[in-house]
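The chains carry the letters A, B, C and D, assigned in the order they are written, with residues numbered from 1 in each.
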Amino acid sequence: MNYVIIGNSTAAIAAIEGIRSIDKQGRITLISIENHHTYSRPLISYLLQGKTDFDKMKYRPDSFYEDNSVTVVLGKKAVKVIPDMKAVILEDSSSYEYDRLLIATGSLPFVPDISGLDKVKSMHTFMTLDDALELEKSINDKSNVLVLGAGLIGLKCCEAIKDKVASVTVIDLAKQVLPSILDKTSSDIVAQHIEKQGVKLKLSCSIKQVYENSALLTDDSVVRFDALVMAVGVRPNISLLRAAGVDTNRGVLINQCCATSIEDIYCAGDCAEGYDMTADCKKILALLPNAYMQGFCAGVNMAGEEKIYLSGMPMNALSLMGLHILTAGIYEGEEYVFQDKKGYKRLFYKDDMLKGFILVDDIECAGIYTAMIRNKTLLSSMDFDLIKKKPALCALAQERRTSLLNRKETW
Amino acid sequence: MQVNDMKMIKVNEKWCLGCHLCEYYCAFANSGVEDMVKALKDMMIQPKLRIEQKDKISFAVSCRHCEDPICVKSCITGALSIIDNVVSIDKKRCIGCYTCVLVCPYGAVMPSQEGAVRKCELCVGNSVSSPACVSACPNKAIELVEV
Amino acid sequence: MPINYIIPQFEIVRDQSRCIKCRVCERQCANEVHHYDEDYKIMVADESKCVNCHRCVALCPTSALKIVKNQDSFKENGNWTAEIITDVYKQASSGGVLLSSMGNPMKFPVYWDKLLINASQVTNPSIDPLREPMETKTFLGQKKHEIKRDNEGRIISNLGPQLELSTPIMFSAMSYGSLSYNAHESLARAAKSLSILYNTGEGGLHEDFYQYGSNTIVQVASGRFGVHKDYLNAGAAVEIKMGQGAKPGIGGHLPGTKITEDVSKTRMIPVGTDAISPAPHHDIYSIEDLNQLVMSLKHATDFKKPVIVKIAAVHNVSAIASGIARSGADIIAIDGFRGGTGAAPVRIRDNVGIPIELALASVDTRLRNEGIRDNVSLVVGGSIRSSADVVKAIALGADAVYIATAALLALGCHLCRTCYSGKCNWGIATQREDLVKRLNPEIGYERLVNLINAWTHEIKEMMGGMGINSIEALRGNRLMLRGIGLNEKELEILGVRHAGE
Amino acid sequence: MQREGTDNYRIPSGCAICGIFNRDGKRISGSDIIQAIAIMHERSNGLGGGFAGYGIYPEYKEYYAFHIFYDDDRAKVTCEEYLNKHFDVVNLSRIPTKKHPKIVNEPLIFRYFVLPHPADLFSSQLDEQEYTSLCVTRINTDIEGAYVFSSGKNMGVFKAVGYPEDVGSFYKLDEYNAYCWTAHGRYPTNTPGWWGGAHPFSLLDCSIVHNGEISSYDANRRYIEMFGYKCNLLTDTEVIAYILDFLVRKLGLTYSEAASVIAAPFWSTIDRKDKEEKERLTYLRNTFSSLLITGPFSIIAGFSGGIMALNDRLKLRSMVVGEKGPAVYISSEESAIRKICKDLDSVYSPRGGEPVIYTLRGGIS
């Protein structure tokens, strides 16, 4: 069996581990555009902060590829997939045949075409290790940095550089920070917190026109900058498979076995659009745990065994300048809100089931909430009032929690 | 009982007195300090297990060392891994993003003051031979059992 | 009452430099002595509530606690001791009978400690317990002195029912109600594992423990609590409780608070009512009435169970024993004035009854003089504190011993003497669910088994030293004892020579 | 001479024991037994020696032969008065002795052949043996200075303070013929020695010689005294004799069953037996648990028509048995046997607690 994997991040590594859990002999070739050992992408902000280093950033130990006998082709871009010939062509026109192919190319930063953008010398995105290193090279303690986009990437980028530069300004079209995962109250908490940390924040505004070192905003104010970071959003990197004729939506559509519409081609990670159990439809779930689950599932299926992954759901774990934010599921149905000096909590429940939650700092045992969502645990079967205050196993019925804790049952 | 073949801390809430001794002995055993007073006096203790209490019922919860641990799969840095059937944490690589806290269905991986998460590692590698909570429990509510 | 007459007996000494404020003492003290002061962020203690049960001291992870006798004391007085003064204050304010628990604590002589054990030397060798089997197996029950043979000349066994003990030690009567469910389970399982017997006490037998029947002595007391046909046939023997060493002549009183749902079902009395065992058995006003009860119990159990009569060690104990030996009973149990109790008036516990050593010696001598020693086996208790006491009791003439306080200590009791309060911090003498939980029978029964195994091992060592390798050869073997610091009269009653003779 | 037992002290002692028994009832003179016990001279300290001979009075074999020590004539007169009241005295004589330099302070030693008065016996409602043993016990307890040291039929005990070989020649035992001889050399450690205290100790026709010191003494004594026995001499031999008398004569146990009481097998051994044997042994050991003898002992019990040798269960005392044709030899040391019988058919040492019993095949020849 001859496996080819495009991509070198979480989903690709998970696929290797999935294949090797079944097939110890098959040949695996991994092709990646980046010229680095597999590293954990979210850690690029911590690298800049000095909280980690090149070695500690590695997602798997150096010997990983050797231990799993994987041939690695780094720094090469795959340009064409020919399903009929079951081959992949790289930019240097070398080609690799495959019996099973996995596309784990993740997502690409979305750079909106703002007029004058081509004149900006120091324009960066903040997705890869190289992006981070380039950004680091172009800033110093006198630089003013403008970050477009107050989402996960934008704010993590601020956190990364705020102590290394003179000033950081973040602007976002939305009325609040982290619009995709927080509600109004929690995002205000985050906003006040990061402003207290010296980050300038301008919401409900965008760039009308940009010049070499300054930007004219929609509120007609001008912000000078020495470096501009585009963190407006991401797009799934699906051009390769779309050209090959695979069914796609925003991302590459995959079934419960992470297989695409073309036989022997699988897809996993941020570029895949799989089933989201909370929304009960296919969605892109660009989160690391989901990438691993899909990658592993794809690996197992590629190796000939059957594995189903239908428990994907949106979830986020974000630590931002000392704040800890945990969110999961969808924000529908009745709600329970609680806030004290320990933190903010908002639970969403419908049809006798927990649907989603937002936690800021009051995050202990959040995994119990996540498990309740994933397993559709009936709230009537437990002491819901108790669990509203604090996620706890003692809210479960006695036999249930005893058999769970004694590993007689899994969630 | 050799710790590293399939072991698990089994808590029998029938006998748990809610006295919290397991918490303090766990924090002490993992403190790396020889004297308990020096280890814990005037400090927020950092035990690797947590105690739940609901009127008369109480019990300690610690890592189940699952065979197919969702925390290891979700760990963004690879700091969580299985070593000899024990789900272990590499404190140097964990940056405290708390994805594991978000996914562990038992709440057995806990945030900590110095950032890296704290979780039970069956006292492998610290000063005590068998898990400290087992020997600390005055009423044999906590036992180390074969799975 | 603004004036506080009572000086707290104890002082709680907390070494603040060691206290890590884990609050375990606060959580574990049912008397609410310890308390965490949020403002000063330290642990504080109210010594007036402390009964010195040592639960906090035993569980404190950094050994930061010590309970000491209160330094504050009344003016020194040889006659009016602190206890007596405090008792007057208590009664002057309560007007009630003073209650206490466990055995007589007064400083009367403990004769066990004035008896020395022999060792063989030169003229006969001690027996090496590592090489020779040391036998502690004992049979309790009536023995006969005539041989019957069938027509082939084979001997026919004409003995009544016997109790077979692996070692001459049994757990004495402590009722379910006075003791917790878990304490009873520990005793039952230990008795089974050791192949000895435990006594249900006068509170009936919980249905869960019928399975331990063959290691159970079921007691029939004046209150007849929980006595019915199945109960009588459930055990290996039936014991009629005529008296108790701690409170000879008076009945028993289990406060209503201890009569929970389970206890009331076992005792067949309504929940919450005080369980009063009347002073005499109201159907036994003379020795022949006792014969009647003994015979009716024998009929009820189809003559398959030995009947034990338990009496307190009182002044005319040997006359009583002689009467009982002729009543058809199989075993006499004598409970000395040091015997424990869940609750008894202090004055009776401290002044009524005689030491078990003297009672045993005089009963054994009297039965032998009347040639009826073999009608009954003698079991003594109240109190046996160590394996040396067991050897001395057997040498004086006992077949076996009853232990109860020692068993409670093994279970964790710290002899704080407040069982009557029902707030036993060790989960032994209580019915409060949160406290009962503190005695895990897995631990309890194992500690009891350890204790008895340890004692049996020591008994074997002492027997070997005496050149004896079977317990039968020790029974009544008074030459194996010598008295020390005893007067002529005491030596005479004990039937023992003075050391050096 | 100060009588033993009066000062209430137990008398532990080591000793030598020896026995000869002829299964065909052939009677031999006392010279062999004297030679054998003499070999074991070192096992005694000269404070006691004695013999028992069975079948020595063929002409009076229907009568009880009382051997009595008197300290003085007064005791003799009082005792004879008592005897005449309760017995028909058929023959009365001094036991013939021969002066011996090492046998000194000899008391008056008389022999009486008696039978209980038929009228007295009838009114006492006792059997002949019980009547006689009660009288013997009364003489020994109540009549000052008189001590009946042998009271069996067609048997007699001959003992004194001194080495056994000297006692043998003092009593001219070579002139007696017996099918069964037992002998004993005493090594007491707690008495200057007393004629009555020497072994064998006998009651009616059962005689015991014993080597050892039993640790269960007081438990056995305080039990057996419940049945009318008075342990005046406080020696092991006395209590063992009374125990055997109680078990065999009064309760009717066989000597082998009696051995299963006094040297009861270990519970572990009993548990391994088949159901019936286990029940029997448990019954015997449990019913007479106070008669279990622990501590080292080896005894030879002589009785009319038989002999039994028994070691304690742990065999802490030596004992050897040899056989040559009908003759059986039992001794603390093999050297004593080899002295009187060079080539033996077989020689073995019995296991602890295992009774060795020989009885006459026919009558006494």
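One rule holds in what follows: contacts are C-beta pairs under 8 Å (C-beta built on N, C-alpha and C of every residue); 3 or more make two chains touch, one makes a residue touch a chain.
All of these numbers come straight from a predicted model, not from anything done at the bench.
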| item | value |
| --- | --- |
| Result of counting contacting C-beta pairs for B-C and C-D, higher pair | C-D |
| Euclidean distance of C-alpha centroids - chain C vs chain D, Å | 47 |
| Centre distance in Å when chain A and chain D are each reduced to the mean of their C-alpha atoms | 106 |
| Geometric centre distance via CA averages, chain C-chain B, whole Å | 43 |
| Centre-to-centre distance between chain D and chain B (centres being mean Cα positions), rounded to whole Å | 79 |
| Multi-chain contact sites of chain B, meaning residues that touch two or more partners | none |
| Multi-chain contact residues (two or more partners), chain C | none |
| Overall pattern in which the protein chains touch one another (line/ring/star/complete/other) | line |
| Contact footprint of chain D on chain C as seen in their complex | 120, 123-125, 127, 132-133, 135, 137, 139, 143-147, 154-155, 157, 159, 162, 368, 371, 373-374, 466-470, 472-480 |
| Of all residues in chain A, those that touch chain B in their complex | 10, 14, 40, 42-43, 46, 51-52, 56-60, 288-289, 292-293, 296, 315-319, 324, 326, 328, 363-368, 370-371, 383, 386, 391-395, 398, 402, 404-407, 410-411 |
| Partner chain C, residues of chain D touching it in the complex | 10, 12-14, 189, 212-220, 222-223, 225-227, 251-253, 257, 264, 266-268, 276, 279-280, 283-290, 292-296, 313-314, 316 |
| Residue ranges of chain B touching chain A (in the complex, touch as defined) | 8, 10-11, 13, 50, 52-54, 57, 59, 61, 64, 66, 70, 73-74, 76-78, 92-93, 95-107, 109-111, 147 |
| Chain B partner contacts - residues on chain C that touch it in the complex | 17-18, 20, 22-24, 27-28, 58-59, 61-62, 433-434, 437-440, 442-443 |
